[in-house]
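Order of writing sets the labels: A, B, C, D, E and F. Residues in every chain begin at 1.
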Amino acid sequence: MSIVVRNIARAEPWVIDALGSSGVATVHEAQGRKGLLAPYMRPIYRPAKIAGSAVTCEVAPGDNWMIHVAVEQCRAGDILVVAPTSPCEDGYFGDLLATSLKARGVRGLIIDAGVRDVAELTEMGFPVWSKAIFAQGTVKETLGNVNRPLVCAGALIYPGDVIVADDDGVCVVRRAEAASVADQAAKREAAETEKRAQLAAGVLGLDLYKMRERLAERGLKWVDEDPGT
Amino acid sequence: MSIVVRNIARAEPWVIDALGSSGVATVHEAQGRKGLLAPYMRPIYRPAKIAGSAVTCEVAPGDNWMIHVAVEQCRAGDILVVAPTSPCEDGYFGDLLATSLKARGVRGLIIDAGVRDVAELTEMGFPVWSKAIFAQGTVKETLGNVNRPLVCAGALIYPGDVIVADDDGVCVVRRAEAASVADQAAKREAAETEKRAQLAAGVLGLDLYKMRERLAERGLKWVDEDPGT
Amino acid sequence: MSIVVRNIARAEPWVIDALGSSGVATVHEAQGRKGLLAPYMRPIYRPAKIAGSAVTCEVAPGDNWMIHVAVEQCRAGDILVVAPTSPCEDGYFGDLLATSLKARGVRGLIIDAGVRDVAELTEMGFPVWSKAIFAQGTVKETLGNVNRPLVCAGALIYPGDVIVADDDGVCVVRRAEAASVADQAAKREAAETEKRAQLAAGVLGLDLYKMRERLAERGLKWVDEDPGT
Amino acid sequence: MSIVVRNIARAEPWVIDALGSSGVATVHEAQGRKGLLAPYMRPIYRPAKIAGSAVTCEVAPGDNWMIHVAVEQCRAGDILVVAPTSPCEDGYFGDLLATSLKARGVRGLIIDAGVRDVAELTEMGFPVWSKAIFAQGTVKETLGNVNRPLVCAGALIYPGDVIVADDDGVCVVRRAEAASVADQAAKREAAETEKRAQLAAGVLGLDLYKMRERLAERGLKWVDEDPGT
Amino acid sequence: MSIVVRNIARAEPWVIDALGSSGVATVHEAQGRKGLLAPYMRPIYRPAKIAGSAVTCEVAPGDNWMIHVAVEQCRAGDILVVAPTSPCEDGYFGDLLATSLKARGVRGLIIDAGVRDVAELTEMGFPVWSKAIFAQGTVKETLGNVNRPLVCAGALIYPGDVIVADDDGVCVVRRAEAASVADQAAKREAAETEKRAQLAAGVLGLDLYKMRERLAERGLKWVDEDPGT
Amino acid sequence: MSIVVRNIARAEPWVIDALGSSGVATVHEAQGRKGLLAPYMRPIYRPAKIAGSAVTCEVAPGDNWMIHVAVEQCRAGDILVVAPTSPCEDGYFGDLLATSLKARGVRGLIIDAGVRDVAELTEMGFPVWSKAIFAQGTVKETLGNVNRPLVCAGALIYPGDVIVADDDGVCVVRRAEAASVADQAAKREAAETEKRAQLAAGVLGLDLYKMRERLAERGLKWVDEDPGT
């Protein structure tokens, strides 16, 4: 039996926006190097950078019926997350669905499948991260769940989790951890700003991160010429 | 024995241009969800949107000799379609061949292999949809057919078929069906314009497409909270 | 035991710049169709076109420690070349390392693995050719060699070899052959300029390259209509 | 912080064995076409057919330390399920670890990465389903969780879930649903036995499944000759 | 509109059997190096070697309804050829369909998609060449054509063409050319038998095929020691 | 200019045989986790286990001419190593070439491309590790080097290096290091035999390798129940 869950908890808007401002790489590091979706998930245009609450949508291969159902569950600030129950690159999503989502204030789409009308989506400024760009049409025959946990591009996503997406890919942050991750990310960014200034001034990472001693301990040797094979 | 067919029938220019204006996704749908080339066929720059009559060219792996032969068979408004007899990603085509095709009024290249000089091609505004970007040079030793039916990126293409290509990929339309497909595509576009306006105004697809009843019949349930596993 | 070689010979600056100006496809042809890295090595932004002396850096899978070591060996005009000892798409490199390399005058990065912070790298104008874009963080535990020969994306690269990289991909030129390859490349470019003018004027490659006779000898036939199966 | 959970609930042995006897395709259908791991998960030898309780083990890319930790949590009848935090094909597992697991009565390994010593594993009769066969060695530096939920080859797996694996691939069944799925699977098998006999006797599926009417309703036409394009 | 063509012409049995006895590599060469399906088409067990008349079946992605329709069109000596209208690896075919085909004397299945129940198919001795092994179930909702030309794994196949399949892959021979290709293949085999004997006796291919002169003409040099870079 | 080097140094037979007996995984470890070819190099049948001296052969894409040249340079105990100058999966090698190599006492073939006649090769007992199985024929038009260093499946191989290949893949050992690697490999095997016995007796790796303390230091915690998210 397939169900649509109407009420999901969402993180606070300031937390979501803070995570979005930090971006994927920083957030991934800030939460202990976890949460990344597979690297085949690429934005249809660049630059693109968003964060929002996940509304999750399970679809059958070659069948986009449930996306229409999921649209109704989306609010302003949400990101729609779609994953097929079997690998598929068909074009589940195009400019009409994007028009509908945009009208509701949805910030973008994450889909472990194909998308089409990418020229129109680019013009509209509706960002999509997808596995493929493919015009193949889909049918409307099979049900799936909306707002239940799902695996998208190798990552487990709960409805209401915070999705961060930018040119580096897509990262998911558990709702309950979002505030503390945002905090860690901000600290990390501050530290990086300082380091960036030093590196720009010519200080070496070897010195900045005090790596020389540990490298030597491990046995690294510096030689003037290659000793050959 | 390899042959070059000189005379091929082409669709009427207004039909070709109408299909080009509709674009890949619409044309694919208008002809009953068929005709797409494989999704690995990507444009070397975006946006790009063309339509034209297919001049087909069979090549040996790593051998671009027949492309030189095919150029002579191309007219203004044509699109050159190249497919190797065995999978290959070598760089069969570059800016010199593009200069020659452009001088003849050819609108673009579809190649189930590699292309090079993509910076120059981008500057020239000569669009290419290819399987790969790769500089690997090719030889000139083996014959192949020109203007005979071939399979390109999984799709059967007859000489004179209409090729439509844009940011979503590539679609082929049989010459004999081109006029009626163009007609269907135009109708589809008109219908979509109307729908787009309603969706932009906040009408849900669930209501616009009257999906609620059929979803309920199939057994979809809306619940307030996730009942858990 | 891992070693870092401090002194490597580099090609003369004018040779490097000449090769960079010719670009990947021309240089590849000029040296007899060799030296290309695998076609999966793509630039993170386009257009991008550089040449420089290779500083080579071997890394363990998921471990970017040695990149920090390699930075110190880089000079103005160099290109850092990184290859893992086992296939890996993790994000070894981001904007902090790029800041450090840029401060030293390094022209770009070639990495047979993943890269992150691509929006920032694009903004900085620091070009990277990589196998993947992926934010996955790396550790600092395992040693590797710096400035020893390595295989990167299927090509053998010696420290001090000239790397040429542009929108078509990446090519390596042996240091000892660099001057003569630059010379051949310049000649090839001059010849191409002449040919380009003729092709633009409508001369066919079939005539320009005198191919008709050899095609006929091999048995190619021109027919008016397709004889069918 | 990484943790190892010592106590996990397991399904009853007879349920596990019933599911194993039904096999992957039947179990997948019996639970409503869900639970399959990605098709790239292939057995290292065939035939192989097992079922067991999942002990889950998260590993860092190129690092098999936690597998040694997970071994201690395995009991007779279990299946070890290993997934890296970032895609990796290194050889995490070989005959020594298999010897240890076999000594504990473990039935096999599911690993979304590489495996080595496959000749020895074949000889030992220790079945493995993996993403790759690769001898690349791994390090022991980074912690991960044992017996916490993880995503393996695109499927979410909880510790104690029932894993079914055979020549068709791998399927996971939630522990709480295992008994009822086993029941459904047995019914499905009984029904298939009956159908198989009829099909073997020459009855057509079109008649057995009463498809003719619905096909006709949908508009399928039978014609004597192909009407052509 | 989808149609099922009832009457297709088939090649003569002795021609089909002769082609099957020659095998894929010989037949491919004998007809001028054409007709191969993509190399990803692999047999589910080895050795396997068949030939038969193609009954073609177009299916929607994730939908095996039309296979049931196609079964009725198959006769003893046929091979069922299935291709989806969009790339798909789902498990369209299993032991029940194989039982039905076997009852009709069908020799095997070629499917540009997934197959399941491979242990049972192996035991039954019903050979399948497929793109994937995957248990994912399919639906029965969408029509397609039976016994119309289709593209399968990159090759155009007409109903009644001869399919040859063995451990090297799959090759298609046009019905009208089948007798002459069988003849060429037999000649090729005879010639190879003679060559094999000579090569086994230590005669070098360089001498047997008289390659030395042409190699020297092209400029190949034999040297005692590697002259270095 | 292409050259064929006649004289190459080879490792001593007992060293080669010792390495072959140790096998790929052990040799790879014994030489410090290096030397593996890419994991896509798979044996055409299993089990297979060989070692021998590399005779290297560079070929053009789709052109197997130089393999005929290389055969003459092979002696008893050698392994032929073939790599194309651009990626290619065509069937460069079949049973006739194998007959010729077998007559010379060659132990097997490593080819970063396709192979055909695999049923015959299996019957002959001539092992091949390849990137693909594909019947596509090749031409004889382009020269390449024999017995010069080349990159095969990502690994640099010098003529005379020792190649070790088994069910786990392929590994290369530098000739100069072969004796000491064989020695290390033998020591490793001896140590593993002892460990295997202990593990088979139920001793845990955690204890055998004394990992508990370091795991605890790093912060690993054992808990009875999963604390939840």
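Throughout what follows, a contact is a pair of C-beta atoms (placed from the backbone, for glycine too) under 8 Å apart; a residue touches a chain by one contact, two chains touch by 3 or more.
Everything numeric here is computed off the predicted structure, so don't read it as measured data.
Participant: State which chains count as neighbours of subunit A and simultaneously of subunit F.
Facilitator: Intersection of subunit A and subunit F contact lists gives B, C, D, E.
Participant: Moving step by step between touching chains, how few steps can get you from subunit C to subunit F?
Facilitator: The distance in steps between these two chains is 1.
Participant: Matching over half of the contact pairs by residue number, can you pick out the copy of the C-F interface from B-E, A-E or B-F?
Facilitator: Interface equivalent to C-F: B-E.
Participant: With contacts counted as defined, which of the two, D-E or C-D, has more C-beta pairs across the interface?
Facilitator: When the contacts at D-E and C-D are counted, D-E has more.
Participant: Could you grab the centroid distance between subunit E and subunit F? Build each centroid from C-alpha atoms only and quote it in angstrom.
Facilitator: Inter-chain centre distance comes to 30 Å.
Participant: Residues of subunit C that contact two or more other chains, please.
Facilitator: 33, 36, 39, 86-87, 89, 134, 136
Participant: What residues on subunit A touch subunit C, complex-wise?
Facilitator: Subunit A reaches subunit C through residues 23-25, 28-29, 33, 36, 39, 42, 46-47, 49, 166-169, 171, 192, 195-196, 199-202, 204-206, 209, 211, 215, 218-227.
Participant: In the complex of these two chains, what residues of subunit B are touching subunit C?
Facilitator: Within the complex, subunit B touches subunit C at residues 1-8, 65, 68-69, 71-72, 89, 91, 94-97, 99-100, 102-104, 114, 116-119, 122, 132-137, 140, 143, 147-148, 159.
Participant: Taking the complex as given, what residues does subunit E use to touch subunit A?
Facilitator: So the residues of subunit E touching subunit A come out as 60-63, 86-90, 134, 136, 139, 141-142.
Participant: What part of subunit C is in contact with subunit F in the complex they form?
Facilitator: 33-34, 36, 38-39, 85-87, 149, 151, 154-156
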